[in-house]
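Both complexes shown next keep chain A, but they swap its partner, so chain B is in the first and chain C is in the second.
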Partner chain A sequence: MNDNQSLNLLDRALGLEQQSRPWPLSGRVVLIEDRVETTASFVLHQLIKRSLPPNSSNVVVFVAFANPFSHYDRVLRKLGCNLVTQRDNNRFFFFDMLMLQCPDGDEGKSKVGLVSLYEKIHKTISSLPEDKKSYVTVMIDDISLMEVAANGASDYVLDFLHYCHALTSEFGCSLVALNHEDIYSNTETPTFILQIEYLADILIKAEPLATGLAADVHGQLTVLNKATSHGLGSSRNKVYNFHFKVKENSVEYFYPGSRG
Partner chain B sequence: MAMKSALSRLSVVRSMESTRGATRYLSDGKGRILSEEERAAETIYIQKMERERMEKLKQKAEKEKAEKEKESADKIFRLVIEPDMGSKIAYSAEVSFDSGPRYVGHMRTKLHSVDSAMATAKPRLSSFSRNLAAVPAPQTPGLKCGPNGTTFVSSGIPDLDKILGGGFPLGSLVMVMEDAEAPHHMLLLRNFMSQGLVHNQPLLYASPSKDPRSFLGTLPSPTSSKDDKSRHSDSEQDKGLRIAWQYKKYMGEHHQNFDGNRSSGADDKQVFCNDFDLRKPLERHYFSGQRVDCVGIQDSTKLVALRDHCATFLAQFSRSDRTEGSSSCAGRIAIQSLCAPQCEHSNMEWDMLSFIKSLKGKLRSSNTVAVITFPPSLLSPSSSKRWQHMADTLLSVGAIPDEDKELARLLSGYQDMVGLLNVHKVARINTQVPVILEATTFSIKLHKRRFLTLECLNQAPVDGSSGSSYGTSGGCSGSSKTLDF
Partner chain C sequence: MAETICRTLRDGGLEGEHAPALTIKDSVASPFGLDVFAYVLTQLSNYILAGKSQSRGLVIVAFSRSPSFYVNLLKERGIDVNSSHKWVRILDCYTDPFGWKELLNVKEVSQETSTLSSFCNDVRDLEKLYSSIIVQGKGLIGQGKGHFSVAIDLVSEMLRHASISSVGKLLSNLRSHDQVSSIFWLLHSDLHEVRVTTVLEYLSSMVASLEPINRTTIGRKGDSGNLSLLEQNFRKGKFHVRFKRRNGRVRVMCEELHVELSGINFTSVSSEDGIINQRLLPKVQFNLQLSEKEQTERAKVVLPFEHQGNGKPIQIYDGRRSLSENKNEETLVSTAKLQTDEDTGKGEIIYFRDSDDEMPDSDEDPDDDLDI
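And then the complex of A and B:
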């Protein structure tokens, strides 16, 4: 816990500076939204790294629809986190769902659908020793591809997410999911994204700057940290807003205008 | 000190003269911007003139230095005193130019600084090309190692390769958003396919047309290496800045490093990216073999046929995670207008999406690049966004209106433009860093009506009165599609 210095703006916005609990995000749902112009996958990468600090026993369950393991391995290695070692130590569970196709209709019966995926996740978490269970982070990259895999049956995806949400109260683990905001912005009633946003305790939005992208500023993040039910303190939402620049081994966060 | 100011004034006058001269050459008196050939000719002329002048000055300096080394001391004194008479500054500076070793010394340091600049420029040049030089020569022609363990294949358009930082990485999905009313995506597709055939890479082509194989007859042919070379030196002259002559003598070796894989190889097979002559059809022997698979997607329900073809095609190139990089052969998939309305599946958006998803999933573990073109206007907005999210590299092409007076006034070289190319997304495989390009909008031009070239948009000078075309040409359009400057 000597890395208080290395906490950046995003960590603070997520409340990771709290020393009282070993994993401040436990029991919470984090939703990350991005757009075609600005991808927010770097937030996922950072959360993987934060979830797997060297001298702790936190566990990450990663459900990948977007990229193969080698991609994440290479990215995280540059960030200073060896996923292969973590996988061998049973602290990183990777579910490669790139080829997942669930035929719609017989969702419950088929062995390859989202139900079986949830069962796998549940089995993984419940097979962990008792003291580790509440320090598990389930990550999904990304929800829109899960919809495609379910052949457009968004209700199944919502069900899946509700089940995963139930995990956070059952075991006290946390759920992190990435989705693309602009897919739904054109539909008249974006029920799907609204439902997920309602589930989320923390909402992170990555957007391009209105003035276009620059070499120094890759976009801006808006973090909405909803009221914590745990504390007795104030229950209002907190909004953080800052710019970011993505680099290979880190991400720089800074307040608008504070960079020349 | 006065002496110094006189000298600096002199140099200012000189530099003003030279810029004025240059602008005069460029702007043709009436402010009209010259065509590219003319400008190229003038650049050469200017370069020659400058070189001669510099040579002369240098010689003079050497001679004078040798002659007047000894008898100089008193003259220096006189020269230092003289300029104090305010109005004669310029004159005395002239005198000092004639006889003052001080000036000669100054001149020499100037030359020296130029030399040292060249000396420092040399390692910088080499470090600039280090990436290419350090990389071991690829065993297979047409493949180039990129950063983060990726391997590039060429897009078939040299400029596009440069813009994308090397080409299309293997295992990536490239999507081109069509202009619904113009066939510009076919230009990209043709060059992409031709390049693959020239490199002897297997090709899978799918199209909604009745007879997809007939499309192969329209593929452009690579130019012979001799033409290629002349064209490159041409374009090099074309682009040459006015100061580039200083580095001229370094240009040769630099070129051999940088373009070694492109123009110095006598054999076409060694070239990473060919130039394609759009007027010459590709010779038959390139696509007569078994390497080309053509699929019609017009009436295959639920894309099953295409899916099967892709699966069998990709199976040849699959790689495991361990053997990544040791790729021996690459394949190319080109799918034209996947959501064309004449296809049966065109209203089954989820089927198309799941096809793309499975294609992408298989691509990631194979040495293949797939290019899919699609008209986004035919999809529902949310579907089109989904397609765009799935693309690793996302481009869009568009025609430009023939007689758009406003645009013609805004952009230089408007007459030669064929269309516009937008780069929305560049593939980020094995990295989290986004690629931020200087400009995202490029004009598609036909060089000599044969070769496809891409250029940054150049803002035309206002009225041409200032003639500062070089000053403003840096202003490329921003990221937006509408050409706001």
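And then the complex of A and C:
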């Protein structure tokens, strides 16, 4: 099982090893893209765990469109992180949006739907003490389901994401979102996913192996770490690629060819 | 060449003409548009501060980054920000572009940039946006007859909520405003139809487009082998610039762009190309190219069929002796001649013509009559 101190390849690719800053992802946008053959929810789980280290005051605001709290609680418990305790300590805020239905044709004109969701997130962050605000991670577990909740109005979703992006510069918090790449593969110009990719500072892609299925490799991750010019990263625009194997209590990451 | 762009923007337009306009377009495969934008912005700011440019001030219309990003950018590039309120204004279309915050009555956190920036709460209303840009610009230069420049950091964001015709109208109005000295904007070309990109290119006198060094897209199945190519694309790109002159001449130039921690820099592409070409030649054991000495020596070699210019008439054998030389063909093929030839030891083909029926050799195909 992973312990907190040892960092795996994904952590390194995300730049989490930088000890100089309390939360290296501050002010950055992380986009996770997966496919139906290789779901990347384990990356999200790992990021929840990393965002809530035991001896810190980091806060996670989790916006759930895909799974209820009990699901995440069970998964994170196996990874050694108790979400119920974190919730009681006001370090984990869970917004259950599974039943969210935006009224037709509204799209940001009244205080319902995504506008009210934004209001909730904004209120939560601004009610935190000043010193904690920049250690907040806002997570959205499925952008495509948000699009469904918005009756397919992708511009409305993009507006919402723009406001979330504005939060990162207003408070210095970070934004993590998951989306499915192959949903958009048929459209001639996948504008929606490209728009989100432009917003992202770090892009994580989970794909099946090019060579087909293998017993001890479940897929590969490609991480594009774009440091913006205001970022303090030691290197600009690094690309990482490694394989992963999802186990019961942890995920193993390794370079291609270094196993079996 | 990137310098040329900045100088053109610095010099501004002539009285009664459109201001020079620059489109910077990038795509997801080579996403350095904002870096180029920041580069042009810094250069132009330096010119304005030094008083070298036609324009006295700069209005930044911020769609994709917050005003504090631009203030930090100018600080990082060593530009004096304390006096900035005299020459730069930021129209903030980033913080609350659709009026959600106003609707929710969310209190704005006070920022150090508040003296520089003013809010735009509805980016859908382009006419209002146009008038606020002009108001900001006039606020900078006062009542006089001065000029100012306009920088729009993402036209793509505008196009999400407005039609191309209204965006085109806004840009065109800005260009033709007599107090606008120059204007430049950023565009993500892969978010729009080709038509839209073309319209914006028509509106501009310079187009700087960023293209990847290697054509590859991430995420396509089975291209993990292209990882190094992908990484290359994230460190450098091709930088094409198209200048449109007043007389209609179009000049295209190309440079290479390198991304570094501190920003970007440009190198001319010709030297790089040479190195790549040399590297592309396969490694073989023999020389594929000649040295200069070898080339002059080769030029000296006299080819056997070439007229050698030693005074003698040129003789080309046509299958029989020419009639002018020999009056009688029967006697010509004499044994005497044959003997002299033997003496000199020269080889000669001896050929007796059987009769006059036989036609001399010609180009005709001897098997012409066969029905193959």
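By our rule, the second predicted complex is superposed on the first by the 241 of 260 C-alpha atoms of A that agree within 3 Å, B and C clash if a C-alpha of one lies under 4 Å from a C-alpha of the other, contacts with A are read in each partner's own complex, and residues count from 1 in each chain.
The rule we apply is simple: a contact is a pair of C-beta atoms (placed from the backbone, for glycine too) under 8 Å apart; a residue touches a chain by one contact, two chains touch by 3 or more.
As the structure is a prediction and not an experimental result, all values here were calculated from the model.
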| item | value |
| --- | --- |
| Chain A as common anchor, with chain B and chain C clashing or fitting | fit |
| Touching partner for A:214 - first (chain B), second (chain C), both, neither | first |
| Chain A as apex of chain B and chain C, Cα-centre angle in degrees (nearest 10) | 110 |
| Contacts of A:247 with chain B and chain C, given as first, second, both or neither | first |
| Partner chain(s) touched by A:191 [first = chain B, second = chain C, both, neither] | second |
| Partner chain(s) touched by A:144 [first = chain B, second = chain C, both, neither] | first |
| First, second, both or neither for A:158, with chain B first and chain C second | second |
| Nearest Cα pair across chain B and chain C, whole Å | 13 |
| Intersection of chain A interface sets (partners chain B, chain C) | 208, 211 |
| Interface residues, chain B side, partner chain A - complex | 148-149, 321, 324, 349-351, 353-354, 357-358, 360-362, 364-365, 380-382, 385-386, 388-390, 394, 424-425, 428-434, 436, 478-480 |
| Footprint of chain C on chain A - complex, ascending | 33, 108, 110-111, 115, 118-119, 122, 126, 155, 158-159, 162-163, 166, 169-171, 181, 189, 191, 194-195, 197-198, 205, 207-208, 210-211, 220, 222, 224, 226-230, 235-239, 241, 256 |
| Chain B partner contacts - residues on chain A that touch it in the complex | 36-39, 41-42, 45, 67-71, 74-75, 78, 98-99, 101, 144-145, 148-149, 151-152, 180, 182-184, 186-187, 208, 211-215, 218, 246-248 |
| Chain A-facing residues of chain C, complex | 28, 31, 34-35, 38, 64-66, 68-69, 72-73, 76, 94-98, 100, 103-104, 106-107, 109, 160-161, 188, 190-191, 193, 218-219, 221-225, 227, 230-231, 234-235, 259-261, 263 |
